[in-house]
Amino acid sequence: MSDPSAVKGKPKHVKHYFVDSDQQFEASKMGMWVFLVTEILFFGGLFAAYIVYRSWYPDLYLQASTELDTFWGAVNTAVLIGSSLTVAMSIRSAQLNQIKGLITNLYITISLACVFMVIKFFEYTHKFDKGIFPGEYYTYEGIAHEKANIFFSIYYMMTGLHGIHVIIGIGLMLFLVVKAKKGAFSAEYYTPVEITGLYWHLVDVIWIFLFPLLYLID
Amino acid sequence: MSGHHISSAKFLWAVGSSLFVLTFLTVAVTWFHIPGPWNIIVAIGIAVAKAMIVVAFFMNLWWDSKFNSMLFVMSIIFFLLLIGITLLDTLYRVDPVPSF
Amino acid sequence: MNRLTDYMLPPARSTLASETDALFHFINVTSIILLVGITFAILYFAWKYRRKSDDDVTPVITHNNKLEITWSVIPLIMVMIVFGWGFSGYMNLVTPPDDAYEIRVEGASWNWRFFYENGATSVNELNVPVDRPIKLIMSSTDVIHSFYVPDFRVKRDVLPNRYSSIWFEATETGESHIFCTEYCGTQHSNMDGTVNVMSQDEFDIWLEAGNAVDESVPPAERGEALVSQNGCNACHSADGSSGVGPSFAGLWGSERTFQNADPVTADENYIRESILQSNAKVLEGYDPVMPSYQGVINDQQISDIIEYIKTLE
Amino acid sequence: MATAEASNIKRLQVKRFKPDESPKEHYLNAEKGLWSWLTTVDHKRIGLMYLGSIALFFLIGGILALVLRTELLTPTRSFIEADTYNQIFTLHGAIMIFFFLVPSVPAALGNFILPLQLGAKDVAFPRLNLASFYIYTIGAIFTLIAIFTGGIDTGWTFYTPYSAETSTNVMMMTLGIFILGFSSILTGVNFIVTIHKMRAPGLTWNKLPLNIWALYATSIIQVLATPVLAITVLLLAMERALGIGIFDPALGGDPVLYQHFFWFYSHPAVYIMIVPGFGVISEVISTFSRKTIFGYWAIALSSLAIAFIGFLVWGHHMFTAGQSSLASMVFSFLTFLVGIPTGIKIFNWLATMYKGSIDMKTPMLYAMVFLFLFTIGGFTGIMLGALVVDIHLHDTYYVVAHFHYVMMGGMVMAFLAGIHYWWPKMFGKMYSEFWAKIACGIIFVGFNMTFLPQFIMGAQGMPRRYYNYIDQFQPFHQFSTMGSYVLGVGFLIIAAYLIHSLLRGKEAGSNPWGSRALEWQTSSPAPHHNFEHTPVIINGPYDYHKPMAEFQLGIAHSHNGHHEGEKVDVETTTAQEKA
């Protein structure tokens, strides 16, 4: 059995168990979409907890939401949408065989993501200084509601989990940059870029819902 | 029928700027007070609009095979299921009140 | 057929028990009939259509709409009947009559406490009058328990942050078991109690005597009765053997070292505090699982218990 | 479903490829050495590795069950303490569910058989397949660490607030299950894409074997339900680590909300466990009755119906848990709806046996035992769905007996039917029919001896998870314990003759059961790339009225087709061309 993938004159990147490059590309995208379904339901659990507790303690959410700085939340949203735009641009340049364009766009996306994390870091430290910690370590008296830590537990869980996904996204894109520099991608084979783009857009969509639900309760 | 749609740079910028406008709108809406349940409905409406734009054009579900769009819709349905039926319990609880 | 299902169920000792049993009978009977039918079909087909030779030709029957519709619609109708019956019974079970006599129940880690209107309390023993609707308002002091009386066919989880309630009307006097059916830790299986159903006047007598102190009995003996009544002996042994909690033998006047407080000699204050705020001073090598008896054991009873502990060397 | 089929009718030149009866070169000896096994991406080898690990966990779970039953011989302490008993019933539940039942047919048998039945060379993402096996192993390692460093005594349901307060090692266990969930998700992703994208030419949706429909429905449930378990377990871990109050009543949380999240996964999980069993039973009954399946679309669509309705019914685990009456009513109603498709399947299988030519081999025996035991499980499920009866029966041994009848009577019997059915295909060796039939009889007797008395005990009010019980239930417990020993012996006999067949079993041809399914049209054990040719499908999977030759067709010009056979033109729609 010679090297299976070189058989039948298929391009190098096509695996032997796929008939052609299109089938492999379609399969990878469908697989990624199925994985995104699990991500949506994974965050769905947290949104369910948010909605249940908001239906029970609406006034707590009103008071607690004033603690969150809407300005920096809006800036973060704009940063993340910008990174979504540049990731789309990077996929476009990969499709047009512009490897340099791909790498620069990826760098911009990574830097925007880092800006997002930095802003998150300052928001967290600002809260820690005031004694707003998750769960039983909550010692802040600014909110006159005996269950005030529930809102911040949910806030930390949602934004924390989202932050971890942003960090994973940064890691993936750094990996893409390294492989792009080695010339692994071309107009014919750019599936990893497309897949990481899909993942990053979903991280952005989740923040699009997080921002109004947490910051803009009035 | 292969899913290699390439959208033009101008188009991507247009989508990006529309998202920025909607973000500004989301924040602007909170400046003047909208009564009762309407503020939540408006906020979620704008967020859903932004999400639809990102999913349809950035994640190019618009030009993709129908099955991927169906997967996305399925996940939203099951998410709403989880919330809907759980609220069926949490909103309609009637706890007894002890008299002494 | 009824003998089997009567044998399966505990004696029906409440007004609503008969309704649950009726539905139980109905489902059992229909299930057994269908099961016998299906089993007969399996065995008969396996025998009648056994393979005679290797090149048997079997008919090509892919579907039969009439048959398939019947075996979809008929089970649907039957299960809807069962659903309606079950739901109507459930509504009777969860809506107590207005004139129900109220008793407060508290589930603690590994015993049940009952508080009556006139302040009387009892542990692991629910005294109720017969032929009168009783409503139990229940809450838990720590984890989720579940109050279950098989003879009355009632069960409800007892939650720490909310009140939950059940109601029943006992039809005959006698004793019935109480079980905890939500897993709650080491002694989950020892968390049983009994429901004493008595006539109305016996119940009134008990209510009055519930708290009265019987002077004729020496305090130490009264203390010993209280220790067993309140379920202390479930965790604390009197003869020095190890249990979930430290043994009472040799407790009085001994030096006590704690996980979360500095050592103290065992005197009245220490025992009183350990009964009321049980996790204030937790001994080395024991878990802080003792529930507080605040409001369950009054001061007079505490002094009796202390007298009893003094007698244990 | 969404793929447009009309436009791409294609003419293919096909040829008959008779499978090699005793292949020298096959996937077992294609590469040698442990390293070749550990780093294989061949779905068949990964399937066997899964098979080995779930058999090991079934053994551990079984031993724990025997310890439990032995302890229950006497009402008070028999030979272990209350704490040890609580940890053992927790581990028995957790190991049997997460490490045996959930991966058993989807990952072990499914991995092996799915590509063969689709005529594909491998699953869509082979490396992801190997990754999901190693994620399963890492999850197992974390759980074993949890067992040896303090164990867990919360029950496999980890209900808060007890699971948030207990001093046992819940954190490590939840981490193990969190990791394990991803193995299940990735298997689901792999199967969905493989079924959509990698079917052999001519294999349209209405020619798919019912086993594939069942695995498809199972993968959908795995993908949609497991993430909610992941977030629930993560929240529980955060509850213990940071004390977030979402489920802790002291900090304003609500423990019943935990039960909603937990059962939103765990009820669909019981369908993850049983639906693949339905797929195996459809294959076995049709092959051994040598008859076209009755109601193909009824069975296929009822698998999907169970998959979807299964997501609406989780509240029937919480009828007594302080849930609102409205929610209990809705859940009870929907629970009865999910019973109907299951009933339809049972009747369709019976109708398949009608006028068939039934060959009473061991797989068929297990299929009939499945029909009997699963029907009992189903009827007791209807009993537990009725609200007022569930108030009396909830959390008693009636529930224990119900889910053992459904899981062990249903899933394990279907798994054994699948093991014996595909054993010749996996190893090319035959097991001894004599010993297999004896073991099946022993297991049937032992199973009923163990669990029938538990129905009676449960109805009389014996609560579950009880270390001590009142004397009234002792005779039932003793009878049940005797039954569990008989059951244990039955499984040991199975292990014995299966291992014997591995070492000295007689050669089994490529198609010992004369089945028309695609996996039997290649040699057994199968070659490394499943088929010497690219198979072309023109008939349905159960068309026993068609000659065997029409099931062994392959594309004529496929490069390694070294058999000579008559060439014939066939019109077929090719799966690959579709979007």
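Points worth noting:
Read from first to last, the chains carry the letters A, B, C and D; within each, the first residue is number 1.
Here is the rule we use: contacts are C-beta pairs under 8 Å (C-beta built on N, C-alpha and C of every residue); 3 or more make two chains touch, one makes a residue touch a chain.
As the structure is a computational prediction, the values presented were derived from the model and not from experiment.
Counting hops only between chains that touch, chain A reaches chain D in a minimum of 1. Looking at contact counts per chain pair, the maximum sits at C-D. Rounded to whole angstrom units, the spacing between the C-alpha centres of chain C and chain D is 36. Spacing of chain A relative to chain C, judged by their CA centroids, is 48 angstrom. Rounded to whole angstrom units, the spacing between the C-alpha centres of chain A and chain B is 16. Under the contact definition stated at the top, the residues of chain C that touch 2 or more other chains are 162, 164.
Shown for chain B are the residues in touch with two or more other chains, namely 65, 67, 74-75, 78, 82, 86, 90-91, 93.
Each of the following residues of chain A touches two or more other chains: 26, 30, 34, 37, 41, 44-45, 48, 52. Inter-chain contacts, as defined above, occur between A-B, A-D, B-C, B-D, C-D. Against chain D, in their complex, chain B makes its touches with residues 1, 65-67, 70, 74-75, 78, 81-82, 85-86, 88-94. Within the complex formed with chain A, the chain B residues making contact are 2-4, 6-7, 9, 12-13, 15-16, 19-20, 23-24, 26-27, 29-30, 33, 39, 43-44, 46-47, 50-51, 54-55, 58-59, 64-65, 67-68, 71-72, 74-76, 78-79, 82-83, 86-87, 90-91. Of all residues in chain D, only 1-3, 196, 224, 228, 254, 256-257, 260, 264, 311-312, 315, 322-327, 330-331, 579 touch chain B in the complex they form. Interface residues of chain A facing chain D in the complex, by the touch rule stated above, are 1, 4, 7-8, 16-20, 23, 26-27, 30-31, 34-35, 37-39, 41-46, 48-49, 52-53, 57, 133-137, 146-147, 149-150, 153-154, 156-157, 161. Contact residues of chain D toward chain A in the complex are 120-122, 124-126, 128, 185, 188-190, 192-193, 196-198, 223-224, 226-228, 230-232, 234-235, 238-239, 242-246, 248, 251-254, 257, 261, 528-529, 559, 576, 579.
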